[in-house]
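Each structure below is given as structure tokens.
What follows is a pair of complexes built around subunit A, which joins subunit B in one and subunit C in the other.
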Partner chain A sequence: MSEETADFTFELSERELSFDVDEELYALDAIYGAAYLFVDRAYVFLARPAERKVRVRLRSKEATTPEALEALAGEFANELLNSQLRVRIGRSTAALREQYMSRAFFGQQQSSTIAELLAELDAEEMAEEPLEVPVPWAKGSGAEASDG
Partner chain B sequence: MAETLHFTRSLYAPEAVQEAARAFGHLATIDVSQGEDDIALVATDIDPEVAHVLLDELANHALVLTVQARG
Partner chain C sequence: MSTTQTRTLSVVRLPLVEDKLNFFRYGDVAGKKLVTNDTGAWHFLDEASFRDLLAGRVEPGHAHYEALAEKGFLRSGLDLGRFAEKMARKKRFVGQGPHLHIVITTLRCNQSCKYCHASRTNMDRVDTDMSLETAKKVVDHAMQSPSPYINFEFQGGEPTVNMPVLKFIVEYSREKNRYENKQLEHSLVTNMTYMTEENAEWLIDNEVLVCTSLDGPEELHNYNRTWSKEKNAYADVRRWIDYFNRRYVEKGRDPQLWHVDALMTTSRKTFDHWKQVVDLYVELGMHTIFLRPLNPYGFALDTWKRIGYTTDEYLGFYRQALDYILELNRAGTEIVEGTAAVFLMKMLTGDDPNFVDIRSPCGAGTGQVAYNYDGKIFTCDEARMTAAMGNDMFEIGEAGVTSYEAAYGHPTVKAMAVASLQDSLPHCETCWNKPFCGVCPMHNYMTSGDLFGQRPNSPKCKEHYTIASLLFERLADDPDGKLEQIFRRWTLTRPREQGSSCAV
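Presenting the complex of A and B:
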């Protein structure tokens, strides 16, 4: 029986910690995504210690404790996982999104445009309230006729 | 005193590093040189008031620009 181990080791010093992320497990875009979320809380620096490895260095912007730094590393690891999931979902649904976008832009024009729907709503409101003043942008409201 | 930072080209967009160097140019004299694998940034005449954070802030800036450039 094989034994699976979760390995997340990091080096801790006075104000910073660093750890390596394997690109075989996490896409570079996921690493960027997680790093991007931490730039307001820490100084983030990326380096490449080996092929397909990214070293992430987080340096606290303020005086901190080893416990707080460890917590920061844990948060980064969680965010890395979130980011990886977003990247995977993004990739797996890319074709579907493209299909919807192409239909929206290049598909057949729908029978109801927004202007027609708004005019329809106005007509309904006016039917309920006969004293409502007709607005010029409502088609067939009579405002055009009263102008001239 | 000069401070040096090496950005890995496969992780940082060269344009982003250049742009970050320009953005911080009023706080130090910053030279950027492009190598095959990395981009070396050397900062001299650093404003003493920001000397302790200049390269860290610049690195964050370059990272943000790199991420934004990827879309």
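Presenting the complex of A and C:
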């Protein structure tokens, strides 16, 4: 398995940086997670310009330079990669975590083998959510573009 | 910039083989990748090895295979039962109930410190003394905690101003404990300026641990801790530290366990005297120095412009002082920095010190409670101080009126637990420092008006992250292992002191 290179394209204007993130590449939680890390330095606006796309707009809280904005874009790109990696690690180990957490706090034994846990995880991924209870706004059928 | 410009960066997406890994967090520390997991295990990897880990290439024969497998980072050979046991040990405090019971025997105080958090009143305000009747209700309430360890910590005001109530609580709780059989401790946080020989002898004979405030050398201590013009607060505290320590020895007590401990609070003026502060603690034979920052409560809010500082300024001071303390330790002097010791116990041992300010969830209402002089119960002492500032949002009941179940099942206790449970907090849940850190919702509330706060805007987050980073950076650069030996010594707790304000 080899490393994959991708382009990260962004627009710079006065005090502002914006770019679209494709949800085919990055989970929404990863986008939120990365954006959250910038709330001390920038006003963060999220919008939905098209299906499965999130537009991120970072407006610097203080006067800045094009170079600093470009550096901020690079930093965001790195955080987005990290955030996506963390989401994937979290999701792929969710069943294991549930297992050791329940044993640690309640002493209960659920499934006992890694194979069973993986099967359980697969079943969860395949389960349908007819009421869309855990579906966040951006994935809901009636979601419209808005600033976050 | 008047026009919009478009730029493109090239980014590398690392491959991940998901079914080879157990859950872990990671971050960049000391020029390496630091990986940590829910048991508090951690491991440094170079960039190439980190990529190996993600890509499932850490297999038998790999330089890091044995360590990562042993620490539970890999699915291969993972013993879930053992992993869960380690985690349960780290989180043993969950469900035990409050162990730290802070009792405000009076709000009266003869000092008026510039940063006072404690909502003191003048010495003529006898109406702010706790009554014996209230004290009895407080003990009856506190002893219902299921915690096997109970520490009554006397604070104020100056708690020795109401010595009859302090004595009553010690004696009555001991009497009750004949039936409860808990590990029962009593500790006193005193400024020493109201101490008498009679009271000192009683405290020694009754095994009440004494902790005082000592901000540093005379000029600094007296500047911070305003007293009457004719009196010298520094001279008094020195005299009584010497008295207690001498009497402990004369009574044959083990000086490792029995000596006065002290707390210092960092003000802007401390920055000019930081080395002298450390030297003074060493000179006095103190086991620990707690380089505590100012908190945004009480008088400190009013005097912040004069005595306050930024988080970066505090951390600069902390770094200097920590390195000096380590230099002293390398030269054979044993002195521990308190906050570092809390983190190190989580990093280097299988235990958690149950330090209520740095744990997940925080101790508010689940590890500690504070009883005001009138019997009102608060989730923590900071909550009691906030009430004194006019906001009683964190009051959870009243001793003698509210049942134990009602107080600790109070919605505010639940809110504090939710707001400090790092597994569900943005950024904390993925931060490498999560197993070692803790969130204080009261601090969030005081600095941002929100129990949850925002991690990138939280001074406490920056403080804890930086301190943990400093410790890991030093552990990463320790070729002969001598620093780790010092750090491991810092994690040895003295059983008398767990859970109190002076404890590490």
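Note that in this section the second predicted complex is superposed on the first by the 102 of 148 C-alpha atoms of A that agree within 3 Å, B and C clash if a C-alpha of one lies under 4 Å from a C-alpha of the other, contacts with A are read in each partner's own complex, and residues count from 1 in each chain.
Methods note: a residue touches a chain if its C-beta (ideal position, glycine included) is under 8 Å from a C-beta of that chain, and two chains touch if they have at least 3 such contacts.
As the structure is a prediction and not an experimental result, all values here were calculated from the model.
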{"item": "Contacts of A:Y36 with subunit B and subunit C, given as first, second, both or neither", "value": "both"}
{"item": "Contacts of A:R88 with subunit B and subunit C, given as first, second, both or neither", "value": "second"}
{"item": "First (subunit B), second (subunit C), both or neither touched by A:Q99", "value": "second"}
{"item": "Subunit B versus subunit C as contact partner of A:A73, first or second or both or neither", "value": "second"}
{"item": "Per-residue touch tally on subunit A - higher for subunit B or for subunit C", "value": "C"}
{"item": "Partner chain(s) touched by A:V44 [first = subunit B, second = subunit C, both, neither]", "value": "first"}
{"item": "On subunit A, positions contacted by subunit B and by subunit C", "value": "32-33, 36, 39"}
{"item": "Complex interface listing, subunit C residues touching subunit A", "value": "1-19, 21-26, 38, 51, 54-56, 75, 78, 80-81, 83-85, 87-88, 91, 94-95, 426-427, 429-430, 454-457"}
{"item": "Subunit C-touching residues of subunit A, taken from the complex the two chains share", "value": "1-14, 25, 32-33, 36-41, 66, 70, 73-74, 77-78, 81, 83-86, 88-90, 92-93, 96-97, 99-101, 103-105, 112, 114, 118"}
{"item": "Subunit B partner contacts - residues on subunit A that touch it in the complex", "value": "28-29, 32-33, 35-36, 39, 43-48, 54, 59"}
{"item": "Subunit B to subunit A touching residues, read off their complex", "value": "6, 8, 10-12, 53, 56-57, 59-60, 63-64, 66-67, 70"}
